[in-house]
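After this come two complexes, each holding chain A, first together with chain B and then together with chain C.
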Partner chain A sequence: MLAAQVLINALVLGCLYACIAIGFSLVWGVLNVINLIHGSFIVLGAYLAWGLYQSLHISPWYALGIAAPAFFVLGYVIQRLILNRVITAPVLVTLTLTFGLDLILNNAMIYYFKADYRKLTLTPPMGSVSLFDVVVPIDRLIATASALALTGILYLILRRLRVGRAIIAVRLDRDAAMLMGVNVNSIYAIAFGLGAALAGCAGVLMALIFPISPLTSTAYLGKAFVVCVLGGLGSVSGALAGGILLALIEGIGSTLIGPAHATTLSFALLIVFLIVRPQGLLGRKGFE
Partner chain B sequence: MTRSNFILLALVVGIAALPMFGGSYALRLGTIACMYGILALSWNVVGGLAGYPSFATAAFFGFGAYTAGVLLGKGVPLAVSVPAAGVFSFVLACLLGAALLRLRGHYFAIASLSLIEVFRELVNNATDLTGGGMGLNIPLTSTAGVMADATFFFYLMWGLLGGTALMVVVVAGSKLGFGLACIRQNETAANMIGLNTTLYKSVAFGLSACFVGAAGGVYAAWVHYIDPSDVFDILYSVKPIVMALIGGLGSPLGVLIGAFVYLGLEEVVWRNYIQIHSGVLGVLIVVLLLFLPHGLMSLRSRLLAWRPKRV
Partner chain C sequence: MVCSRLTSRRSNSLLLAVCFGLSASAALAQDVVKFGAPLPLTGPLAPEAIKQQQGYDLWAEQANKAGGISVGGKKYKVEIVYADYQSNTPRAVQTTEQMITQNNVNFLFSPFGSGAAKAGSSVSEKYKVPTIASTASSAQVYDQGYKYLFGTFTPNDTLTTPLTQIVKAKAPDVKKVAILARNDLFPLAIAQEMEKSAKANGLEVVYFEKYAINTLDHSATLSQIKSLAPQWIFVTGYINDLLLVRKQMSDQQIKAGVLSMIAGPAYQEFIDAAGASGENTTSAAWWHPAAQYSGKDIFGTTANYVKLFRDKYKSDPDYAQASASVSGALFQMAIERAGSLDRDKVRDELARMNVMTFFGPVKFGPNGQIDSLEPPVFQLQGGKPVVLSPALIKQGEFRLGVN
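Let's turn to the complex of A and B:
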């Protein structure tokens, strides 16, 4: 039964990991920028959910509807005003720039919210379901379902909408897309806004499950790194596969060799994957 | 030797006079200035000369600090511990470099960032050896007075800075430096004409880690207490890059000046806005990258615009 419990936990956590990573993966794939603010966006989303619940009693499910447009605008503006100026610069410049932006956002959060850990506790608590001996908390289950739904929405946007097709076109071949009349700068800003919106929504979901503190942003960012590299860049299915694989490895690793080594294991795996299979589980070679 | 390298060495020699002018505060600041200089010059070997966006500085800084710290804790004298930290860092970086430097661009950046996490978690979990999250207390190396101690560590760090500057000058003028410049410009072509790129990159990575590791060792002995989140701080990786960007990528003199300018800014911010110092650092990074992407050294040629620009 332990094995079943580990497996279920990994599936539940894996979908959340995918949700964390998918915005990061989109930005990396389309803009070719390693977006280090992603972790702080997630934490900011968590604070948004917490604040709305504490002050206005708006449940996190509705907070998703507020977070998504708010973060989209935030991301759109940041890309348009700041990031777009260096978008063609080498990775060193864009990466350091997003690191600087992350320092600003993270410091602002420490300043306003302090570094204390907070927790969003739903009253009354939602309890948990148990099937045979496998126990899953209901709020976690709903968060997972929402994460899957968000992932699905992004997939539909990319597949069905005109703007989504344009995003994919820019990702595949920037110059050809430009020649076909796609406004690349606007697509960049929209993709970055989508990435931020997904981060904000992921943060709202995380607030239900994990403690909230500005200090946790690097941990989320680290997860996004690993999931992206494991699953392959830029594809929705890749992020899902990477997320579940990471959660499985962490779960099995924690059970067998102790939870202290789970992070080491995941990063060691990241480096091995980078060297052996840099295109990820589902990625294609040369498609980056 | 070019004029700018000559100025570089003269500048390093000039710093040695610092203890004559200042008290203990100047000594502390001077020691940190030398440390930042080491980090920035070392990063420049792999980031500036070879053009690989390495974020691994903090990993080797922490590795060196813990190597020296553990050795000192076991009673090994300082004169052995610090060189050991440097040598171990060199060997480790060469081995890791041979594997990691096959990656390019974003993938290399991510891998080198992850290196910090891996090292930090390993140290965190090896509680028996390193004290884990409790940190590591390092015994005092001498029983002389506070001032004598501060002066000693200043000159130790300064000596390392001198060594780093010499290494950078020698590398820049050697076949290795030439090869690294080839790799930066077009690695595939360099490989095609028979340059052993893996070897060159690994050695460059090793050299850039060697002095950083030794500086970590001196830092550990100097502050007597280290813990994983302190020495494996990602800021130790980003600061050298910011310094190099302030000064201008690739030029060792510019990088060293960038390190000192950065330290000055950091000190002013720390003293006046302790609550928001990292935010101010972030603003500094953003402004720098948006408005002065080629560093202070580019101002000189921009001001003398009628001189033909280098391509």
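Let's turn to the complex of A and C:
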């Protein structure tokens, strides 16, 4: 029964990891930008959910509808006004710029919210469901379903919508896409906006599960990084596969060799993937 | 250089103001006693540093309000020189040295926590500067044979032993204990003391594991603990870790006769965030605002200290803030008794200190670590911490059962 519980825990956690990583993966895959502000976007999304629930009693499920457009606009504006100026520069330049932006946003959150840990506690609590002694908390289940839905929506946007095809075209070959009449700067901003929207929504969902503090942003960023490498850059299904693989390794590792070594195990796996399969589980050169 | 560290996240105007302030105070050096406080004002330990700063500032404010520290009939104003070592222990050592050599501080407060306090103590010992560590409990800090280092936290076993004795006396059915510790100096040391204490009291330790710093999920660990059916779950860590563990315990419907957490429940943030799930969680800390001591220090009674703190910061003090304040008050008493700012004389007064304070009785052992304090064990009942021991300040009875 312990094995079944560990497996279910890992599947649920894996979907949450995918949700954390998907926007990061999109931005990295399309813009070739390692977006270090991603973790702070997630925390800001969590504060948005917490603030709306505490002050206006707006459920986090509705907060998703507010977070998505708000963060899209925020991401779009940041890309257009700041990031776009150095988008063709070497990756170290954009990395440093997003690092600086992250410092500003994170310290602003410490200033306004303080570093104290807060918790979004639903009243009444949603409780858990159990089947043959395997227990799954309902909030995690709903967050998992939402994470899957967000992943599915992004997949559909990239597959079915004209803008999505343009994003993939830019990712495949920037110059060719420009020659075909794609406005690359606009696509970059839309992709960054989508990445920010996904981070904001992930933050809303994480607020239900994890304590909220600006100090947690690095933990989210670290997970997003590992998931992207495991799953494959820019791949929607890859993020899902990477998230579940990471959660499984952590869960099994924690049970068999102790929680202190679970992180070591996941980073060892990261190194193995970087050497043996650098494109990740489902990553393919240039196409979603 | 220190000026720039002091204000690494502030604006240039603030930098100028602070630099001006420091140079102005240098001009009045003869009327001022300078205390150096290297703190991790930025980085992961920043919340703890802010608490320390609040404690020191409250003491300095009260001392200056009373005219300052009386040295041989003359009043000296208190000035605390802060410097940020960015949560980086090697930098804490450099900062400590700079405070002595460049800022010319008279006395020092240690950097935060056992690890940094131990590292910084080698510098203060070299320059023979009396130093009070207000947040270092591990015995390894005080076993170096140093003469100028004093600490206001008793050893870690003084937290776990009374807790175990209460559980053993009030819950005889508790036989199996599971211990989960953050893999960090203080939380791990407390967990190891708990393991010793449990075994010494005839309890079976069915689980002892460490979790990594920044662990985002404890579900697999808690599933394993649940499968072992312990009657007592003991978890160490900081507020975020403990809130997460508590939430995931509820998620997995883990019930236990006793749940103990160190050090979260000592903080109001934990009580607020945990809400109803915090009910009946036991903990221990070196001080609690519910304590009722009547001291000879500048704050007088515990109640007065709590009132002054509330007035200034609009929140209740916890043990870290109180320890910082009492460290300042102890320096003040030692200097006044020595009647001099001579470092060796003040050191000797600290060494022979035996006094009641708002923090509790203070007497330092031969190694410099306080040995007079009996840390309170408490339990969250009705959303409030209720002291279970020591008998002198007991407020209620231990309650069994955590859902």
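FYI, the second predicted complex is superposed on the first by the 284 of 288 C-alpha atoms of A that agree within 3 Å, B and C clash if a C-alpha of one lies under 4 Å from a C-alpha of the other, contacts with A are read in each partner's own complex, and residues count from 1 in each chain.
Everything that follows uses one rule, which is that a residue touches a chain if its C-beta (ideal position, glycine included) is under 8 Å from a C-beta of that chain, and two chains touch if they have at least 3 such contacts.
What you see is a predicted model, and the numbers here were worked out from it, not measured in a lab.
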Practice problem: State whether chain B and chain C clash or fit side by side on chain A once the two structures are superposed. | Solution: clash
Self-check item: First, second, both or neither for A:263, with chain B first and chain C second
Solution: both
Exercise. For A:172, select first, second, both or neither according to whether it touches chain B, chain C, the two together, or no partner.
Key: neither
Practice problem: Considering only touches as defined above, state whether A:128 meets chain B (first), chain C (second), both or neither. | Solution: second
Exercise. Return first, second, both or neither, reflecting whether A:153 touches chain B, chain C, both chains, or no partner chain.
Key: neither
Quiz item: Where does A:218 make contact in the superposed view: on chain B (first), on chain C (second), on both, or on neither?
Solution: both
Quiz item: Which partner does A:116 reach: the first (chain B), the second (chain C), both, or neither?
Solution: second
Quiz item: First (chain B), second (chain C), both or neither: which does A:107 touch?
Solution: both
Quiz item: Now for A:137: first (chain B), second (chain C), both, or neither, which partner does it touch?
Solution: second
Quiz item: Once the shared chain is lined up, is A:274 touching chain B (first), chain C (second), both, or neither of them?
Solution: first
Quiz item: Overlap of the chain B and chain C footprints on chain A, residue-wise?
Solution: 107, 218, 222, 260, 263-264
Quiz item: Hey, which residues of chain A end up touching chain C in the complex?
Solution: 1-2, 5-6, 9-10, 13, 107, 110, 114-119, 121, 125, 128, 130, 135, 137, 139-140, 209-211, 213, 215-216, 218-220, 222-223, 247, 250-252, 254-255, 258-260, 262-264
Self-check item: Touching residues on chain B, where the partner in the complex is chain A
Solution: 47, 53, 55, 99-100, 102-103, 105-107, 109-111, 113-115, 117-118, 121-122, 124-125, 234, 238, 241-242, 245, 275-279, 281-286, 289-290, 293
Exercise. Going by the contact rule at the top, pick out the chain A residues touching chain B in the complex.
Key: 28, 32, 34, 82, 85-86, 89-93, 95-97, 99-108, 111, 218, 222, 225-226, 229, 260-261, 263-264, 267-268, 270-271, 274-275, 278
Quiz item: For the complex, which residues does chain C have touching chain A?
Solution: 9, 44, 46-47, 50, 180, 183, 209-212, 214-221, 223-224, 226-227, 239-240, 243-244, 247, 250-253, 269-270, 273-275
